[in-house]
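In the two complexes that follow, chain A is the common piece, with chain B as its partner first and chain C second.
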Partner chain A sequence: MASASAASVTFRALSKPSLKSNVTSSLKIVSLGWRKNGFPSLRSSQFRISCAAKPETLDKVCEIVRKQLALPAEAELTPESKFSAVGADSLDTVEIVMALEEEFGISVEEESSQNITIVQEAADLIEKLVQKKPEA
Partner chain B sequence: MGGASAPRRLSGMQKQVLALYRGFLRATRSKSPDDRHRIESIVSSEFRRGARQVDRKNFLYIEYLLRRGKKQLDQLKSPDTTGLSSLHFVPPSQSMGSRK
Partner chain C sequence: MILSRRVVISAMNAVCFKRSFATASSPLVPVQLPSRKEAHLWYVVPDEVKSSALLHNYLDILSPSEKENVFHKRGEQLQKAALLARVLVRTTIARYQINGQVDPRSLKFKKNIHGKPELEWNDDQCQCAPSLQFNISHTSSLILCGVTVDSLIGVDLEEKQRKLKNNILAFARRYFTPHEVKFLSSISDPVVQQQYFVKLWTLKESYVKALGKGFSGLPFRMFTIQFRTAEKGNSCPSGETNNKGEIIVKSLEDVNSFSSNWQFALLELAGSHYAAICMEKDEAVEGEVPTPMKLTVRKTIPYVRDELISGPDAFVISGLT
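Now for the complex of A and B:
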């Protein structure tokens, strides 16, 4: 498991070499997060590899999720964290999506917002919508 | 219900409730920050109370709540509405103090 998470983090480090310190800290968090899932789910990363979200977007999404759920600072939250695993019910998810909409100035359709269950999915969707949005 | 790892599959009624909640939150965006905050906390606690107390099989009652909620949402959408439980009106010039 440890090696698997290291591989993923290396990948991220390659795509963003400037964030050295961030990367080391996320290494710890990522492996913690996966302990809960049992195994690193490759489903989403394979599926979305073509439109992987920028680290800034991921960070911002994490920040908003933390704020919405009033998560304590020590609570672990990774791109693979399920909203439901960090204590969000469906109402919370609606709130999170609404907060994301405002933060990024986008509009998430009803249908797609119901498919968001993890941070990564939210970030990917946001990137897609932000790109689509004409520069204002 | 639904464990943390279970895939979230929502019933039609649950989707309606969530859509209504979304509608409320969207409607509050046009209010002044103070009103907005107040309305949001009322809406949020109402929905959460419903989620806690109403039996999920009590379709008749949930349908009633949905209908009532939709009417309240229509009222809330009026730019003159600044509160939920107690509706009071302010001149449009003040109520237009929307964010953004």
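Now for the complex of A and C:
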């Protein structure tokens, strides 16, 4: 949702505020066209966003985490959930990464595993690696 | 066997502890520093810590950020384990005092670049030996802290029965070395194979933790852990308690050499866990016959009870002692 005021454009995150930092850090605004009356026109051809992970990817990560940790159905798991907070130890985290590799057909360097501390980070990394894959 | 060294506490300290620990029956019993070739192991069994008043008092020992960390854990069991882990670290280190009592609350910690916790010293905190090294590991049912003087140490705990969701060999092929995969493949009994998987995992974890690098700092496929029996030079699944043997680590960059700077011990703790201990070797004995790693194991409920432990609750499976 874009709202313009004077010369600035601000984007408000659609969902939880904590996701905002992920969205804004991934936004790459190429250019915005301005009409005579001052409202910006967001022409899709000039407006490119590289988003955080797709909702389906996030869902799949959550599903795999739940399975690995045998979380009860009522246990809350959000994109911001820390693996360690829901009871994943180092072996669980490695097993989760292995399951994600198999699910998405990617390869995660061990060096990257210290950057995967919350569900969102795992999903973002998957998205990045999936995009890098050569076209089938 | 109970550690019952009676310590006369100064009036000031008695007041300090009495205020916070109304339910505690004894103060922290101070202990002598470990010798240079020795590691002290302290463990807590969370299920034995039942008093909510005691747990409440334990919370007082933690720093604000540690408390926050505990409350971020989901569920009582995880919170309790996280709390007891910090309590164990702080109270254990506080016992090794040279000049008078150390308040566990006063200890400060920092993390190295890979996230390994270390003690942070002020000039005025000279009561504890500045060369104390420690490392901690816990499951939901056991908390372990290892302490040495000067030697880097890494400890890792795992439940003996820990089952993988993945296939063991598939997991090993992905994360371990070809030598270790071959070793695990050679074990036909699935129960023994699972046990050796857990032993390998904990030993590898203890090594990267001793180095202060962690799993992401030193991928497991870069080094091999081998069990050497006393009789043969080759590694093979040795007998459990009689055949102690030796555990060595080899870097994959130079397979013919092995890292002689590090020694390992593998223990069975409390009948339920494997504990791997990795310790830097004392330089003085480089090149000589490997000196045994000396271990002193104590079970504790801080401020309540300490017990010196020997087998069957803590016995060494592999690694010289």
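Points to keep in mind about this one:
Simple rule for what comes next: the second predicted complex is superposed on the first by the 85 of 136 C-alpha atoms of A that agree within 3 Å, B and C clash if a C-alpha of one lies under 4 Å from a C-alpha of the other, contacts with A are read in each partner's own complex, and residues count from 1 in each chain.
Heads up, the rule we're going with is that contacts are C-beta pairs under 8 Å (C-beta built on N, C-alpha and C of every residue); 3 or more make two chains touch, one makes a residue touch a chain.
Computed from a predicted structure; not experimentally measured.
Once both complexes are superposed on chain A, the partners chain B and chain C clash. Judged by the touch definition given at the top, the superposed model places A:T117 against chain B, while chain C stays out of reach. Using the contact criterion defined above for the overlaid structures, shared-chain residue A:E76 touches chain C, although it does not reach chain B.
With both structures placed on the common chain, the touch criterion links A:D89 to chain B and to chain C. Of the two partners chain B and chain C, more chain A residues are in touch with C. With both structures placed on the common chain, the touch criterion links A:Q68 to chain C but leaves chain B unconnected. Of 4-12, 274-282, 292-300 or 310-318, the segment of chain C whose C-alpha atoms clash with chain B in the superposed model is 274-282. Shared contact residues on chain A (touching chain B in one structure, chain C in the other): 82, 84-85, 89-91, 94-95, 98, 110, 113-114. The touching residues of chain A, counted against chain C in their complex, run 67-68, 75-76, 82, 84-87, 89-91, 94-95, 98-99, 101, 109-114.
Those residues of chain C whose C-beta lies close enough to touch chain A in the complex are 72-75, 78, 114-115, 139-140, 158, 162, 164-166, 171, 174-175, 201, 205, 214-217, 219-221.
By the touch criterion stated above, chain A contacts chain B in their complex at residues 82, 84-85, 89-91, 94-95, 97-98, 102, 110, 113-114, 117.
Across the complex, chain B meets chain A through its residues 2, 4-5, 8, 10, 14-15, 18-19, 21-22, 25-26, 29, 44, 47-48, 51.
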